[in-house]
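Shared chain: subunit A. Partners: subunit B in the first complex, subunit C in the second.
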Partner chain A sequence: MTDISVAPPKVRRQRRRLGVFMKRKVAVAGGLGIVLIFLLAIFAPVLTQYSPTATDFSHLLAPPFSSGHLFGTDQLGRDTFARLIYGTQSTLEVGVVATLFGTAVAVPIGIISGYYRGWVDSVIMRITDVILAFPFLVIAVGLAAILGPSLRNAILALGIAQIPGVIRIARAEALGLREQEFVQAAVASGASDPTILVKYLFPNMLSPLVVQASVAIPGAILGSALLSFLGVGVQPPTPAWGSMLATAQTYLYQDYWLAVLPGLAILLTTLCFNFFGDGLRDALDPSIG
Partner chain B sequence: MNPPLLKIDNLSVSFSVPGGTVNAVRDVNLEIGRGEILGLVGETGSGKTTVGKAVVRLLEPTSGAIAIDGVDITHLSRRSMRPYRRQIQMVFQDPYSSLNPRMSVEQLIAHPLAIHGIGGRSERVKLVREIVEKVGLSKAVLGRYPGEMSGGQRQRVGLARALVLSPALLVADEPVSALDVSVQAGILNLLVDLQQELGFSCLFITHDLGVAEHLCDRVAVMYLGEIVEIGRREEVLVHGEHPYTKSLLEAVPIPDPTIQRGRERATLPGDPPDPLSPPVGCALSPRCPLADLRCEQEHPSLMAMRSGQTTSEALLGGDDHMVRCHRIQEAGLLVGS
Partner chain C sequence: MKRYLYRRAGASFITLVLASMVVFAGVRALPGNMAVALSGENGSAAAIAAITKEYGLDKPIVVQYFDWVKQLLSGNLGISPQTGQSVVSEIAQRLPVTIELTLLSIAFGIVVGIPTGIYAALRRGKAADYASNSIAIFGLSIPSFWFGILLILLFSVRSHILPSSGFVSFFSNPLGNLKDMVMPVVVLGSGVAAILMRQMRSGMLETLRSDYVRTARAKGLPERVVIGKHALRNSVTAVVTIIGLQFGVLLSGVAVTEQVFLLPGIGQLTIDSVFQRDYPTLQALALLIAFSYIVINFLVDVAYSYLNPRVRLVGASK
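And then the complex of A and B:
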């Protein structure tokens, strides 16, 4: 009799490969999901005949698949499907632009801090330490409240809240890179500091920055949902998933799908970005075989 | 008399570390003439790389002066240093970390030209192609990135990057120690050929006496941040007199087992002392079989072997084999033995 508790080596190897493959598959699925979400945002007007802001008082709180509304309507008779799809636009805009903005501001500061060290570094690091002592969302909500509710201010608030974290990453990379011989070689060949920072340090920290951004975008999306949930983000009637959730609270007993649908949308979007980011991290990290 | 190409006067470099100050280089005097290759040998931590980095101004000296062609460059600002950077180029030890992984070979070699504003675009392309051919690479590598090349190829790119500026002095910091033995010879021969063709001077830093013997005109031996012996190649590497040089020479393996087994070897006991608290007297005194009370208490100075004169007088007399050791100077204890 063969011992069935120990799988033969071939099977074990296949299982391991399957694990690697599944991991990759999830990342690929995340990537496809992101593409799909972008397509939804771009082709929103084609995908639905309804305007996300048009009210229809003859069909208030219609259930899904009724009276020509795929996902039903809300308390003002607005088509939920249209609001979800159009909501993708503001969601992506906030997530992507806030992350780009935060990264664009933070990376130069981080590089300068890590390359020059000394008192410049100390000052920048102590400031980021103070900011990092507060949770990301608390800073974002606080800033949005101060700046006033609007899409632009939500982007600003979520972008600024990201800055200290990205500064730390860029600084850590710069600290490591400045000791590399190719940076010394650049100094020895007479390159100026701006050249070294732009051509030698920045290109070599792209992979960790891309990974960081792929993790920051879902964070910002979640943050934007929170801001509009609290009423300091995107303002009605512009559709946003967070504010849809907030209004749905009132009708939770009559029409639970009003809450479930935007909740699912937020969940799926952040999941896609997170899976994609994880896959990217693994793919770009040489220490993970 | 023309000033030597490189003149290092009483160079000292110290680093602050937790627990005190490390004097990595102490009062080093060196001269390199035009077209000369000077080997700087010593074990890890002896300060040879620090000397090299100070010469290319990657490290600021604590005291002393470095002059190129009689011009003191020790305290030049970054801007006024730039024309001299062209004169002094460096090849680094590790070809895996000394090339920017995000630049193609062509960009890597052309970048120094761009920094110094040499030539137009087409002329730079021509110069890059010429030097690539000279270092023995094919034009096909121009579009490649460092990650796509072997260690030997990378080191050739490093050499091309340094030589494309036609420097007067090349500082080569252990350029072959990170390479396979089979590749080392190729790079060393290339360096010798290029040196003869282009006529640059070279400060060649190595821990490998065989390599030093292969290509250096003069050799300086460093121990704990000081030069303990300096002279022409045969004087140091064949007739080396300092006890430390002798122990280094005896540690070189001979590729013949019969001879190797039968050799008498006087290796030094112990390890180099803690650089945070170097010995008061001779740096080698705690390990030296010849050390006496004077060696432990009095720091020896570098003196000429033949005349027993101090550095500057001896140099004028053409007596350039110098040793830092009390016991050798005393009554010719070891001279001629």
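And then the complex of A and C:
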């Protein structure tokens, strides 16, 4: 048997996926944008000499490009550029941590639900129905009422809200995989249940889970902006784009840039993630055209 | 068919009961004594004692739950410490605003999203497809409250075409009411349109690949009939369920939109009651939202099983 392929099948598949992904220029641009946002978050102290929380009452509501403030200052004289740059930190933290948390909790539950089926599955499905019945805003508002509004509770609420969706994906994948021959073979050769769940089912559902996460992160970022806009998310004086927008609403008539800039920051961030995720889905999931 | 409906109704009922337990437990997890919490910040000792007695807070928790359910069923959800009004009448006043906003936004989403989705599917891989997909991603990425603020900036602050905020009832001033609703509906509805467009596009693409569409084309049916009669009907059914699931997402959007445009609806009441520590109202709202989500999704399932016979057959064979 002569082997015509140079690379082993797995590598070839990865190359093909990478090829599909690179063809989508917007997706690549989105990926680069995400890298840039992470760099802004890490190097925030290097990029601006201003503190995001330092007030300066001699320069209140300064317009952009004035008195040494690139994007001007807010109603307390805080540098808007600094607040935007530092705002990336809490934004990324909420988006990434909430998604990791939601996924880490939901995947094992989903796999167990789909693999064992029966009453275990029924119970888990009812519980996800209950979580679904409470929109993330209600969960967040409830947590804010019980535990007080904070970054941690916003992450918790946005993570919990992701759980039902991820459970359903992991469950659907497990339902399909358990019927496949390689899993049946493992069962027949006496592999233990934990081995099957961890070594056979989990690695084979990574693609849909990664795609889901790439959609969930911008969703959580928008959600956290929404929560801080309503005052139940990140608490002042920590700079958050949502709360910057909420205060800017008061000064809409004279200082509109205060409202335009943080919204633009949110939009650009979620756009990068969504375009990246869209390309990722095309590359990882050939069934969706 | 009947068996499927009974099974779905049973499952929905269990979810309702579980959801009510979550709210019940949530209210009891509030910081401090619940009687103190429910009587408001400056509740007098007598008010606290009255609430302790009314809610039976000295009784075992299971008894408390059933007493609480009894109160719910008789429509007694307490008095708002903020306004002194009954919570039920407070919500009833604000409900029409939210229902109007939600229905108009869904209608906007359907009118914009579904035709665009079909068009994109038919122009697959062409510029129109990429353009509409990019616009949809844009619609999913834009923060609704910021979009609202931009609209206010453009249409109210700069040019005084539309009112920036406020609300008049449709029955007292129909034209004024619709004017108040234009911007909120565009803000909320564009997110719905983006999701429906993407769903409709992928559903349509899947249907177009199916055998019966090929058969219809092979028979020589005009493309108009193949798309309009055969493909469309089957793709729309999937979109129906999405609308049901969107309801929860929409509700969070409603709260912000009402906040931005100062519409006196349920969403604004929810946010207000968090800051006012108005726990009776908060509890009632959490229940109302969860219950309506469950009921709407049950109705969507029923509608779906009428539209798609396969669903009820699968259900019956189990």
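Throughout what follows, the second predicted complex is superposed on the first by the 249 of 289 C-alpha atoms of A that agree within 3 Å, B and C clash if a C-alpha of one lies under 4 Å from a C-alpha of the other, contacts with A are read in each partner's own complex, and residues count from 1 in each chain.
By our rule, a contact is a pair of C-beta atoms (placed from the backbone, for glycine too) under 8 Å apart; a residue touches a chain by one contact, two chains touch by 3 or more.
From a predicted model like this one, the values you see are computed outputs, not experimental measurements.
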First (subunit B), second (subunit C), both or neither touched by A:180: first
Touching partner for A:188 - first (subunit B), second (subunit C), both, neither: first
Which of subunit B and subunit C A:225 touches, first, second, both or neither: second
First (subunit B), second (subunit C), both or neither touched by A:119: neither
Touching partner for A:200 - first (subunit B), second (subunit C), both, neither: first
More subunit A residues in contact - subunit B or subunit C: C
Residues of subunit A that lie at the interface with subunit B and also at the interface with subunit C: none
Subunit A residues touching subunit C - in the complex, by the definition given at the top: 26, 126-127, 129-130, 132-138, 141-142, 144-146, 148, 218, 222-223, 225-226, 229-232, 242, 245, 248-249, 252-253, 256, 259-260, 262-263, 266-267, 270-271, 273-275, 278, 288-289
Touching residues (chain side subunit B, partner subunit A) in the complex: 53, 56-58, 78, 81-82, 85-86, 88-90, 92-94, 97-103, 111-112, 115-116, 158, 161, 165
Residue ranges of subunit A in contact with subunit B within the complex: 180-182, 184-192, 195, 199-200, 203-204
Complex interface listing, subunit C residues touching subunit A: 11, 14-15, 18-19, 22, 26, 29-31, 124, 133-134, 137-138, 140-147, 149-150, 152-153, 157, 202, 205, 245, 248-249, 251-252, 255-256, 259-260, 270-271, 274-275, 277, 279, 282, 285-286, 289-291, 293-294
